[in-house]
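Written out below as structure tokens is the structure these notes cover.
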């Protein structure tokens, strides 16, 4: 259960890494939005394997086909089904993993939950599942663009390398131009390349942090109590493979400040109150205040490594494993479009929900 | 919208800090569970203000009344409504805040979202809303106890003071005996008391970290993809007031390890595979592996401070504010039962969902 | 589970017939709507027992208290909790039913489902549960009034007495003035009074039909496929106690017409297409076409009768039962506000959802 | 929105009549269920056009492809995506309908709702959408079979022809052998054939009633209050195209009985209480009592007829229309698998939900 996400802009993904294909059904996209497969493909290209020597060499064209919900170049308001075929599946490469559990993978837990698993390439737990998310995120972005909302994510840390990036000004173009690391600090990016290549040579892997900023949200998005926008962002990001932590605004570092130092003073702005600082990360009480939403997402080092590791097999006997499949020594560059996609989905959903709240005139008008 | 949380064990909270009362409706609690108000009161007592000089002096008896869903000492399977009256409301204490926005509070954002707000004591954004969560969490714990699942949370950091606590062995009794800080490291606790009292004298406030461990979960809880149990825990914790970050297992620190150092090797155990280490925090691919679930939750320093701060009023004019109401110089001690409550709600929900998945016999039986 | 209904205008009811009280939490009511308990009480008065000699003589004041969600006379956008105490509970009157199953009641099925039941007066299956629905329906009506939508229901049949009422013109005032039968055909009403009183004298009971009309809905409300507005209306009405059938527009009688006779020809209207006839009942493809929505709801004769009936006890032994409690010889008059409440809830929900669909400009503008 | 149905056994359909294809994603099917496309195809064959001269001659192979969720012949517990291509689409046949509204179709209402529509063959409102439902229903039936639950539906009325069928004994085989009418009363079936063929010759169409019986449900399925099993069945059936009415048990006819005649007396049975009669239709208080669930569903005469009818075009100008496409003079025979599919989906969902309620031992054990 629960391959669905969102309330009004609601997606359901499907598919295993090996099998007929993967995809997504988007229910709740408003009608009359211009949309074609060309709007989706660029983001799938940024996500797919084989883009550079820093990531897995699995070759997948990952071509999106829109099966429904679009007519004469516009959304119909009906479900948009998008399918991507699995073309470079090599199930035989996983034969040696059929009867044992890869450390820090989901092999054992899926089997504990379901009593069986598709052992070919991770099955449902494969990163290929995220193709549907990225495709849906591209559609969400088309909607957000109509409201002037823009989202940029980048690699801000790989292992112990911390990039210097100005979250207030960095653009999506800066990230694209940063090359295969997707880190828009050239110096840090160069060191990241070296570290990732060394990890590959060592049969090892690296983790890191993706930072994302949402710009242009109006004040007022997010639902109090359980569906605070930071809570749904956390839910969204923690649902991505390999994520171990989430921060909004000042995050864990904020706990080292006192209230006086941490509070964001309000100052008069041309269109209403602004804050002098943004340790709130654009969200107060779970609702946007109009400042940039800034978040950080921690990705653990890739679990699949070619070094030999201890494990047990399905009979509970100790054994060892060294991965033979193609894999990423560092997922961070490919994680950037995933973080963007999830942020887009969350913000689009809250933006639509706010439409149902803003239905009556202001109090002052009616008194 | 969205004052509800959970899928099968589903709660809906209601109430503002000032008004008739606050409470919760629990829909989906299984029938035949022994339950009375006495099961709920101890947790409300741990949450309520006025327990020690470290927290707000607001006096609320916070007595729970069960309006429905229980008959002759057992749950009926029907909705359990629990109401707590507001008895020490002093709305006049908030008069001076009626027309201005407290920094890093939800005053401005609620008004941006809804066009009006209950300015008395935080309204819906008040921590009093969490009474309903704690009451529901106590009911969830009764259910989890039948499955041998136990949850312990404690204050692990206040400002720059880091406690040394063994997450493998610390018990709820240890936390209760730790006194008003709820930090079961006596040395750290003593320093925390000093720091919090100093912050109060300074008209300032402190933040910190609550750590929680879930013990006794069977392998297999949690739904892949969007409702991974770490994702729903993150959602739950980030929905608490003042939370800015969430980590599971190795968290952000895990990004500094390589894959070889980070992976949890499987080793044979008496009842199936165990892991030699637990950097996964008991969760792999979003599903429990039977090890302890370990998480950390960052709380920012309390926004309400008696020092003077810059802000603006509803007309957009710059002004200053110094809080006069009763408030917590540090919410961490009172946050412990909140974190426990949310963890209980999440785990109970996933545990019930797993009942609907385990309905067919194992594959081997049917072949 | 599932004491909740609606998507954006979402209600959760709670409470048994005997116990602390019954009520409802409304989540998703837009902010800035004028609301007080006085808006709710008239509908509760129309629903409550003891209004006339045609219905049960149980005495309940049924006074609504709004616990939350309203501030200074307006909705806050936060959950509106409404509670009504149980004041005339006489559990002793049900002692003789403790260990046996009333025919055509929910005693046996609740016990089969939950393993126990509150045997005092029907527990959760009591019609007192509908108090929360009626209170929420009154709030929904305040919202619908801002959109010019009005709903009128009336008793159109009791047993074999069929009223003549013009659905195009009958008003709520007509129904109120019709007296205790709520049948605005004076001749039929007089015969209904005689029949109901005779049934009471006979220790028997009668059923009938409530007809409802929704006027003023814009074209376009209702979601295709599973949440067609006629499907959600059917769901809502069939969830009321004692309902056995639902019809929209031509209903079962429409199956006796041919397509040529049944189709509603479109004709030009001042504000767009109208239909010459309305066998569609205002709904085509699950979406409103702007004509009146007309539906019929069948209520079985009251299950509680004072005549002796065969049944079995909890030990499976055959026995007999004659009801002693206070009960309605005919629920139809009290069913009218229930049908209105459910229709209001459904239409308000669809109306809010349409706000999230109408977010982009028309196609023609953007091309 | 809202192309999803169900809570634990949850389906999402997608697709228009013309476009890449139609299909369904099933989320929540338990793992380890044997499943292949061969389990689905027979039901699709019973639904598809072109089976006999009584129905539309549109030719569609309607071959189901399972894209995900099944591995080595068993369900994985992950989403099952099923796609059926559109192969005999003839959009040109609809060119003349592009700018006008077919009477009693959804053309006008879709345009009112969405501002645009796929005018080729009904788009999303086409009966082709039901392919996904039928495919999902076949999967649900595999699950229900493990619990001994069986569902049979048949054509009980066409226009004014009423079949005599014993609901207690009629089998699926009887319906299959009844030939193209799917009415297992040979005499009535013969008259139905004559009537339907006459309607076709007249350029007209007929409606009717499908009756369905669910056998083998344990007592206790169905959720009180809003998700009574009769309410969710009504929702499901009213969501099918062309349905105008729904009855459970005694239905509208039951309103003509008195309580004494209508009540189902309990009698001792070998495995607990049984009812001497079944006017409740197997459901009391929204929960199954173990007797057969019996329901009736009214289908209006097909809206598409070749006779000339009055209508208006998109500019509001009066015009006429005579359908040229291939269409069904009577949908009843093809409606049988649709009713069965929806009943299967509802019962499977309630059956899974009951697993989460039956988690604690009986009261007597714990006292």
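Each chain carries a letter (A, B, C and D) given by its place in the written order, and its residues are counted from 1.
The rule is short, and it goes like this: a residue touches a chain if its C-beta (ideal position, glycine included) is under 8 Å from a C-beta of that chain, and two chains touch if they have at least 3 such contacts.
If you're wondering where the values come from, they're calculated on a predicted model, not measured in any experiment.
Asks: Pick out whichever of the two, A-B or A-C, is joined by more C-beta pairs in contact.
Replies: A-B
Asks: In terms of CA centroid distance, which chain is the most far removed from subunit A?
Replies: C
Asks: Cα centroid separation between subunit A and subunit C, in whole Å?
Replies: 45
Asks: Find the geometric centre of each of subunit A and subunit D from their Cα atoms only, then give the gap between the two centres in Å, rounded to an integer.
Replies: Using C-alpha averages as centres, the distance is 38 Å.
Asks: Quick check: how many Å separate the C-alpha centres of subunit A and subunit B?
Replies: 26
Asks: Which subunit D residues reach two or more other chains?
Replies: 1-4, 8, 13, 28, 31-32, 74, 77-78, 113-116, 124, 224, 353, 356-357, 362-363
Asks: Okay, in this complex, where on subunit B does subunit A touch?
Replies: So the residues of subunit B in touch with subunit A come to 1-5, 7, 13, 101, 103-106, 108-110, 112-116, 124-125, 129, 157, 159-160, 199, 202-209, 218-228, 230-239, 241, 243-252, 254-260, 262-269, 272-273, 275-276, 279-281, 283-290, 296, 298-305, 307, 309-312, 316-318, 353-354, 356-357, 362-363.
Asks: Tell me, which parts of subunit C touch subunit B in their complex?
Replies: Residue list for subunit C touching subunit B: 1-4, 8, 10, 12-16, 19-23, 25, 27-28, 31-32, 65-69, 71, 74, 76-81, 83, 113-118, 123-124.
Asks: Going by the contact rule set out above, which residues of subunit A touch subunit C in the complex?
Replies: 8, 28, 30-34, 74, 77-78, 146, 224, 352-353, 355-363, 366
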